[in-house]
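Quick one: the structure is below, questions incoming.
So that you can tell them apart, the chains are marked A, B, C and D in the order they are listed, and the count of residues begins at 1 in each.
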Amino acid sequence: MQQAKKFDDLRAVFVNGSIKKDKTGSHTQHLIDKAAGIMEHEGVTVDHIYALDYPIAFGMVKNGAENGQPDDAWPMLQKRILDADILVLATPIWLGAISSVTSLVIERLYAYSGDRNEKGQYVYYGRVGGCMITGNEDGMKHCARDILFCLQHIGYMIPPQADCGWVGEAGPGQSYGDLIEGTDKRTGFDNDFTNRNVTFMAWNLMYAARMLKDAGGWPAVGNTVDGWEHVANAKDPNPEYR
Amino acid sequence: MQQAKKFDDLRAVFVNGSIKKDKTGSHTQHLIDKAAGIMEHEGVTVDHIYALDYPIAFGMVKNGAENGQPDDAWPMLQKRILDADILVLATPIWLGAISSVTSLVIERLYAYSGDRNEKGQYVYYGRVGGCMITGNEDGMKHCARDILFCLQHIGYMIPPQADCGWVGEAGPGQSYGDLIEGTDKRTGFDNDFTNRNVTFMAWNLMYAARMLKDAGGWPAVGNTVDGWEHVANAKDPNPEYR
Amino acid sequence: MQQAKKFDDLRAVFVNGSIKKDKTGSHTQHLIDKAAGIMEHEGVTVDHIYALDYPIAFGMVKNGAENGQPDDAWPMLQKRILDADILVLATPIWLGAISSVTSLVIERLYAYSGDRNEKGQYVYYGRVGGCMITGNEDGMKHCARDILFCLQHIGYMIPPQADCGWVGEAGPGQSYGDLIEGTDKRTGFDNDFTNRNVTFMAWNLMYAARMLKDAGGWPAVGNTVDGWEHVANAKDPNPEYR
Amino acid sequence: MQQAKKFDDLRAVFVNGSIKKDKTGSHTQHLIDKAAGIMEHEGVTVDHIYALDYPIAFGMVKNGAENGQPDDAWPMLQKRILDADILVLATPIWLGAISSVTSLVIERLYAYSGDRNEKGQYVYYGRVGGCMITGNEDGMKHCARDILFCLQHIGYMIPPQADCGWVGEAGPGQSYGDLIEGTDKRTGFDNDFTNRNVTFMAWNLMYAARMLKDAGGWPAVGNTVDGWEHVANAKDPNPEYR
């Protein structure tokens, strides 16, 4: 496909917030792999972070050493995240909510959110974000609310339809990617609703990242920490405006 | 300012989801007016919808007549919303959540979300969205989670830092824009945190809308209802991908 | 069953927040009917409010007339709600969230939340609440979070496992109670997860209401608007406490 | 006060989900101490768990050893939690949400939620729960939604008004319990809204625990894993019910 080459200078990073220490058991990873496969085919370089593979410190700190946890991989992971144009946070659902590991990842991203880029904007500006959710319980949209809000709040742009996932019918049952007994098929792999939304998300993230890269990042008037006060109507109250 | 002219072909619509029938009592409108004032100075044409000024039918329907409510202004409001490049939903907080009126507005937007544009994409593609929240109670980020999720889920793009608002300290007290007794000052108007975030949102929405307008909307491979299946890896399960 | 008679002095009210004007089309009502059937068999008197059968005013007001909407059924509905020991709010899911009608119902309950009972407690004290959710989309637990938080915040007690509902697999499909083609069976009626949770909720609400009724409501030291300051350690800061 | 003695056979446990390794810096602890002070004065035995003082494994497991994390204090903490009649989860707000540590605590509670008590009910039945929130950012009610939903979903009873907390005005500023410069006063300690809600929560938790203890736990018909099917109308669909 002709479009593929247009994306070969882009980098994406997927962070898997599974709470399983052994990543081979992660259902979420199956879903990540689908989106990554779409992006890689179009030329995007994909990095994968399975968060529990690393020691990650708690705390609103840049380096765990500041919070009594010297063995902290986050500064290295932060570098990989900032190297990417696209960030996708993927989470399992537990009690209807994002995992503790995903919550920890968001906190550590937040700890760097006061940093600035060379334009004086917050550091995540110029990047785009999305989310992927898996559960054998309900909660996909709740998790997407949480993740996408946080990403845009710290400076990521969210393209259209940047949430996707799979959940089964209410109640116990198989999880995404589980082998269906007596077959070589896997639960959810033929769910067109899921496949469609994963595809939409993957392409929309690529388009958005393309747009920002071509534009040299995000314009920097009206949205810098030091400069916002100088645009018109930023501070005066306009009580009689209407 | 030189930038102003760059935005004079853009249209924005602000929808105020206040539950007060009389809009002159709306604190949320004070905050809307600040963002609108910033955009108008840069040349954007701004439309205001005070939702409770209109009869809006309940129901997952395009026209209330389908749901036994023939007196429904939504089809006309929908047209005004689709005429705009930028949509900002503004809500007061009640019990920590978006207002019933804002919830109704979102439902009616959702009822049209299966429509498509001329590229075969969902109809809201090519537009950008943000949110504004006021309360004399806690709940700003919860409301932003709800609104921004919904907007992106139906096809709006969310630029960086597209949420803003004002809430007071926990407990009873004045609301945004209330006159401070014995002065001609208004509560919250000098809150730099609020002013900054309103300014960031206004400019980021303008930039995002500019970008989409210049690009002729959003590219249409991988994200159309009929075409998504044909991009690489959209449907095949890739069980051996990694 | 012997237990049945123990509940025959209790009253329950179910409020259906469907957005369909015609209640015969409400999937949520099917679920309500299941819980109501359980309670009625045990002797509980059940009242049903299908909210859209009534004109309900917007606004943080006790009577819509205060907000320019004189045709307001809420004062009459409020009386029916206060007459009941048990309140169950039932909602469909739209975009992962509670319906606008349920949001409106919560706002109007909230508008009375400053009222007090004869003990000086907030008026809803001494009552118990639960929630029921239906959707052919994901969002059950998100909706339960919203409803149960609001109910307890205004004074309802929430017994164990007071949330229940039904959602289908992610993606389009049948809704709860839809006839399954070629059969006389209805979607979800044989879902044991749903049936179990409805049963748990119904019985736990009855037990909690029984307990409060037998106790003459809720004790009134430490939780009255005028009296809380007088219990030990209510106001003094205890900086050296630990 | 006469009431005090009524509670001296009760036990409460407060779990502080702060992300600060050093608990002396925890603002949340100041708020916990207020509620604990109220309960202790009435005779309740109070246990404190500062979660980050312990190694707590990730995973939907009872013992971290099952998930490759042998150094797991949770089994011991779980015992302390089950020894208590009252559980209060306290969390700071980060990006409007509960902390990762609180999320981890909830996951580990959830991992035991399939256990049963001697009546055949889920193991947390017969206990009561509440929450406390601190932040110098908005998000109190959002966090309360999350925590209280989870507690009731696994079997805790939630008494009226079981949420409380403190947040400052939107924007940067002091946190709860910070010394106010040039004084010996601490931020938030004189906030009557906070003090009132803490007091209400503390007393309502004590009353609810009292009620359950006196009743010998929660009645066990209609809400046991093995028995629910046998109550009337639990499984049959009642299509003609109304």
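In this text, a contact is a pair of C-beta atoms (placed from the backbone, for glycine too) under 8 Å apart; a residue touches a chain by one contact, two chains touch by 3 or more.
It should be emphasised that the depicted structure is a prediction, and the values quoted were computed from it without experimental measurement.
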{"item": "Same-residue or different-residue interface between chain A and chain D, half as cut-off", "value": "same"}
{"item": "From chain C, the most remote chain by mean C-alpha position", "value": "A"}
{"item": "Chain A and chain D: spacing of chain centres that average the CA atoms, whole Å", "value": "30"}
{"item": "Mean-CA-position distance for chain C and chain A (Å)", "value": "36"}
{"item": "Chain A and chain B: spacing of chain centres that average the CA atoms, whole Å", "value": "22"}
{"item": "Residues within chain C bordering two or more other chains", "value": "95-97, 141, 144-146, 149, 153, 192"}
{"item": "Residues on chain D engaged by chain B in the complex (per definition of touch)", "value": "95-97, 137-142, 144-145, 165-172, 191-194"}
{"item": "Complex contacts: residues of chain A adjacent to chain B", "value": "1, 3-4, 29-30, 33-34, 36-38, 41-42, 48, 122, 124-125, 141, 144-146, 148-149, 152-153, 155-163, 186, 189-190, 192, 195-196, 198-200, 202-204, 206-208, 211, 215, 218-219, 221-223, 228-229, 231-235, 237-239, 241-242"}
{"item": "Interface residues, chain B side, partner chain C - complex", "value": "19-22, 52, 58-60, 67-69, 94-101, 103-104, 106-107, 110, 146, 149-150, 153-154"}
